[in-house]
Amino acid sequence: MAIVEHLYPLTGAVLVGLGLYGFLTLRHPLRQLLAVNVVGAGIFLILGGLGRGADSTDPFPQALVITGIVVAVALTAFGAALILRVAEDERAPDGTAADDTNGNHP
Amino acid sequence: MNEFLPLLLVFLPFVPALISFALPERMAVWRDVINISFALAKLALVGFLLLSVEDGVTTEWRYEFLQGHDFILRTDAFALLFITLSAFLWLIATVYAIAYFGRGPHLARFFGFFNLCVLAATGVAMSGTTITFFLFYELLTLATWPLVVHKGDEKSLRAGRIYLIYTLAGSAAFLAGIVWLKSLVGTIEFTAPPDLSGIPRLELTLIFILCIGGLGVKAALIPFHGWLPEAMAAPAPVSALLHAVAVVKAGAFGIVRMIYDVYGIDTVSELGLGTPLAVLAGATILYGSFRAVMQTDIKKRLAYSTVSQVSYIILGASLIGPFAIIGALVHLVHQGIMKITLFMCAGALDNRMGIKSVADLDGAGRAMPVTMAAFSIGALGMIGVPPTAGFISKWHLGLGGLQSDAPWVIAVLAGSSLLNALYFLPLLYRAWLLPPSAKLASVRELDGAWNRMLILPAAITALATLAAGAFATFPFSPLSWAKLIAESGYLK
Amino acid sequence: MSPLDLLVAAPLAFMIAALLSGPWGRWWLLAAIPVMAGLTVWLLLLPEGSGHVVGGWTLPLGVQLRADGVAQLMVAATAVCAAIVGLYALHEFAPGADRSETAHGFAFWPLFYLLWGGANAGFLTTDLFNLYIALEMVSLAAVAMAAMGSLRAALRYFVIALVGSLAYLLGVALLFSNYATVDLTLLAEMARPDLATKTALAVMTAGLLIKAAVFPLHGWLPPAHAAAPAPASALLSAIVVKVGFVILLRLWFEAFPAIIAPAGLELLGWLGALAVLYGSVQAIRQDTLKALVAYSTVAQIGYLLLAFPLVATAAGTGGAWAGMTIHATAHMLAKAAMFLAAGLMLKAVNGHHLKDLHGLARAMPLTVAAFGLAAVSLMGLPPSAGFLAKFLLLEAAVEQGAVFAAAVLLVGGLLAAVYLFKPLAWAFAGSDTPVVVAKAPLRTAAPLALALLAVSLGFAGQAMVDITAGSPWAGPPATEAEDVQ
Amino acid sequence: MTITDYIIPTLLYTGVFFYAAGSLGLLRFRDAETRLHALTKADNVGLGFVALAAALHWGSVTAAVKIAAVWLFALMAAGVTAQLMARRAKTGAEQDTIE
Amino acid sequence: MTLAFDLILCLMIIGTAASALLMRNALAAIVFFIVFGNLLGLAWLAMDAVNVAMAEIAIGAGVTGVLLILARQRLMALGDDLVCDEMPGWLRAGALVACAGFAALVGAAVLSVAPSDDLGGPIAALMPSLGIENPVTGVLLAFRAYDTLLETFVLLGALVAVWSLAPGTAWPHPPATLALTEREGHGVAAAFGRLLLPLALVMAAYLVWTGSDLPGGAFQAGTVLAGGLIIAVIGGAVLWPRGDNRLLRVALVLGPAVFLTIGLAGIALGRFLFYPPGFEKALIVAIEYSLALSIGVTLALQLAGPPVTPDHKG
């Protein structure tokens, strides 16, 4: 039965939709980052789930997924740092926390 | 004959352009010397070519910049007519510009772009294909913009903006036209008109309208003339160059090429495109003259006069007949010489005495007799008084109108001459016959080398105006050359 | 031995070197330029279409690299841009006063090489998953560089770029599941017009359109490109957006030309037209210089898409194809030149607005000249490479009777003239010579060289056309004819 | 069927029982300390039973050693986190809560 | 595994994902995300993809979860409560419909493809020549070593990118400390950290070694190492190094550098990233060990965030 074979990739499709909805409706960048990670997980499930044979899973998509996960975490780390720096910058618009090359501390 | 000669001729001004850009202001003398010597060198080169072309030898240089698209420079008789004019007037205008600006600041840029302008104008003349023509035509637009905005004040910037919008829009239309035509008949060389018989009339008409519309912007055909009076904000040497040689002539030149070398007179008359264009040109002539009468600013009056006078060329070209085309070609040269005289004089009056408006002219003839004499010759030429050059043009155009069964042309010419008289004669009257103001009385016209250099070019072109009229039947006169062109190619 | 992998490996090696060298890291550029120049020349000398699978494995397992025309042209243009922008950046991204590292001065260089290597990787590979990684290399470096100017704009860029990457990845996942390969050349042989393929193509295209900042998905570009430091802006506008564009080309014209619906091509063409018009109008409305230049990028990318339907329907001549790729190249050079020139001018007057440029043509004639020459190419005026591209596209449009596309090409050029002559008019305004804060005579050479190249490449038109014609899909009927022989 | 086939499920169910008890405690108890108490103790016992079942299932000494190591790690981690969480709860640094 | 198990697992995955997205409380959302990641790991196990399961749990749930928690904590300290503005209902409904439609489209596309293990056979055929038995490692470090090479540079580049965000005065100081105060239980954590770091090292080494034949490998090992480092930092057993610490730089680039060097050395023998016959396993293991070290340090520093000015509390 198709649905049974496709259970995990279909779950992946649902995750993609859910994550996208979260991305569109959540207006905080960190929450959007989380939503994007959900989308990513969904894509990986599709990639891996459709590479599943009778008794084993194709190692090729597995490798792609691992690569994808690592790339995703690298971007998430950078994104989180960027979000933090934006928040810091907004809290201190006079440049105390930002690039204070002008050095005009009070 | 060396095949690189056309290339050399076109790109010769590039050398003084680069040198002018590079030399610091304190070496201005060197800049002047180099500019003048290159202008002389070019004139010599042109003279050499003139002799060979008269023998029927044309040289060309080709480079395939894209498959199926040749870049061709060719020295045919028509090209040489324009080149001779531009080389001669370049020398004149260079001398005049040096004297006009003296040792003002930021002239490196001016002379650099001035040279590029001449390069582009020469390229326009020598283009052997529509695409080549377009390349130089656009380069001309670009090179003149910095000249128009040279003063940098609000008025010049506005003029520059208007100039760009008009001319670039025109070029876009022209480009669309030539690409369209190319897609129908392939590359068009200006040696013989291509066979257009298989192409729908509507398409041909539309392409013609696109091309003439595009070229008409630079030629200041109504309703595309709006940029020209605005561009008067530029310094006098620029106005002289733009309105006598480079820009408007490039447009008029292009229209002649379109009619005679791209479409061919047979196709044009078969499509019935000549008469509407002639009517438009006639309307421009009258409109321009009429507007000129109403101007109080001398340069503006001259500008509208240009609008009117350039259309004589288009009128002659579109009438399609032996006399008409000769009139058109000869007027290309004559109008150049006369108009540059007028602009140089106007510039000199402004430069020396601050005269800008017609009302300031009272008694100027007594303060600056040589200048005003030159001005008067130019003005009489414009009106068409014999034996000036202008008379020759108008005579041939009138004959051409009769020959082409368009007697209304005579009316246009008469009306225009009347209006010409109406806007030039009051100037002459004021300058010669009214007493000068106290301010003017103190001016010594020819004191100092600078001042003599300022007056000399106008005097030379004024004499040329007389000579072109008086010696019109001599070999190498503009008229004989125009006849040569007409006989060698444009008359079947 | 082959330059294909070295062109990626060398920048990465320099990235490591720069990381290890601390405050001296920037000087590796002087070694990188000759190395990359040599490799690029080598690449250009390769017979077209030559390639290999990395590590000596075979398809469909391995990653295939290939030197086709568009890759050769893009890699070469990238090398020129990166080298010159890098030289310009030597001053801007330098150690602090006491020879100590600064965050930007240190971090720029590894990111610069990452971007360079990533762009080369993207241009040279035929593997869709490998392209994903290349895309991320470039995006990561690009966002970090944008963050050096404005954190806020960078965050916006980052979030949107992330969505674009994931959309692309989703397509890759579907394609792999469907065909058991991610190699373009194999996909081209197997392509079937089924639901999975179409869905994959749609989401990948959407993702790439985001990355290439195509209207209406361009929103992230102007703030990010306008705020970044000049060398970063130059790299972003010149190189980064082109990577997404090249992948789009490969998908639409190499892997799946057979299943692309004409409606899809038309849609892209319309988007391109809207981008040209919208970007130009927005550029006209800007009163800060870098925002103007950034919106110009939005408009210029529109031309690339405008060409899609023209390329697809071109009957063998490949004129539209050549026009499109030459436009990408010309835009690379001209836009990099323009951003660098803008950076110099703004730094010199210590301002951001167009009116701050008042009279600058007298104080910095060479820089203004560089800006003007770059503008000539962007406006598509002769004799620049930009003109050549526009001319070829116009010719294709007229031949195919695509009146609307032809009109957009012409009107777009006019609008470009309107917005580009605005800053130039300010530079020519007045009659006094303004006092500038900082003149950088040596660095002026960078934008000038790029701009001169953009203009003079117009003379090498046929050479570029020949290079780009060496792509497997440069003209579908012609390629088939060659196969028959 | 050998005897291990009966022992393994028995151990598993026992483990699950302890897990269930721990989770129940987490849900039902009032304050942080008692919740921690339920979680750490009951769950680790549960894990122990499951680990034992797994070790028997594989039936090799190396596997058993690895599983024992896993259990020890878990115990240690649970102890440390419980400590830290309890301190946190005590000192009243209460900004990080899930209401 | 039975269908019921798969079904329940999938429903739980979807449920936790929905909770992670829809919870108003950010911490709850992140916790649900971590649970979601772990359940995904289970799903990968159910699909016999143990390598992926380990990566997902360690990196997808673990590292990403810690990243999010840390980011949230620091944002809270800055007065950002991570509460999203409510969107108008009609917009949300529109988004819901659009996303549901999109999910349905993707679902339909997924259903139209029959799952199959197409490349398992060709890969298995090539594995003996590599001398290793874990086919996923084979793909990662042999057939698609080029991808993996680039990916390690993405990871390295991401750290440089994080560093580039440092405020002007902060570089090259260390990132904000994570160490607990005495009152928060510094002593306990320190003891645990000191114990765990060597254990993590051993474990990472084991994971790499076993990764050539059994599930495991550089990425999983690197994550374990990163975890050990983070816990050691929390306990104060290890201090964050300065950004310009030479040893640190060497540790960061070691993996990518070794990988690249071996790749370039391959040119001498034929092709970039070509492993000479007989040396495949040795080279792969060498790459993996160096990578694991670099990945561990890189991930740990990515978690730490950009450097801060010394007097600045993170």
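Here the chain labels run A, B, C, D and E in written order, and each chain numbers its own residues starting at 1.
Just so it is clear, contacts are C-beta pairs under 8 Å (C-beta built on N, C-alpha and C of every residue); 3 or more make two chains touch, one makes a residue touch a chain.
Protein identities per chain, from UniProt: A = NADH-quinone oxidoreductase subunit K; C = Proton-conducting transporter membrane subunit; E = MnhB domain-containing protein.
These numbers were taken from a predicted model, which means no experiment stands behind them.
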| item | value |
| --- | --- |
| Intersection of the contact lists for chain C and chain D | E |
| Chain labels contacting chain D and also chain E | none |
| Chain pair bearing the highest count of C-beta contacts | A-E |
| Remotest chain, chain B as reference, centres from CA atoms | D |
| Most remote chain, CA-based centroid, reference being chain C | D |
| Centre-most chain [mean C-alpha coordinates] | C |
| Geometric centre distance via CA averages, chain D-chain A, whole Å | 31 |
| Chain B and chain D, separation of their C-alpha mean positions in angstrom | 97 |
| Chain A-chain E separation of Cα centroids, rounded to whole Å | 12 |
| Chain A and chain B: spacing of chain centres that average the CA atoms, whole Å | 67 |
| Interface hub residues of chain E, defined as touching at least two other chains | 106, 109-110, 113, 115-116, 118-119, 123, 139, 143-144, 147, 151, 154, 157-158, 161, 165, 167-168 |
| Every chain pair in contact, whichever chains are involved | A-C, A-E, B-C, C-E, D-E |
| In the complex with chain D, residue positions of chain E that touch it | 25, 27-28, 31, 73, 76, 180, 183-185, 188-189, 192, 195, 199 |
| Of chain C, residues touching chain B in the complex | 359, 361-362, 365, 376, 379, 381-383, 387-388, 391-392, 394-395, 398-399, 406, 410-411, 413-414, 417-418, 421, 425, 428-431, 433, 458-459, 461-462, 465 |
| Contact footprint of chain E on chain A as seen in their complex | 2-22, 24-28, 30-31, 33-35, 37-38, 41, 44-46, 48-60, 62-67, 69-78, 80-85, 87-88, 91, 97-101 |
| Complex contacts: residues of chain B adjacent to chain C | 21, 64-67, 105-106, 108-109, 131, 134-135, 138-139, 141-142, 145-146, 149-153, 157, 160-161, 164-165, 168-169, 172-173, 175-176, 179-180, 182-183 |
| In the complex with chain C, residue positions of chain E that touch it | 105-106, 108-110, 112-113, 115-116, 118-119, 122-123, 126, 139, 142-147, 149-151, 153-154, 156-158, 160-161, 163-168, 170-172, 243-244, 246, 249-250, 252-253, 256-257, 260, 263-264, 266-267, 270-275, 307 |
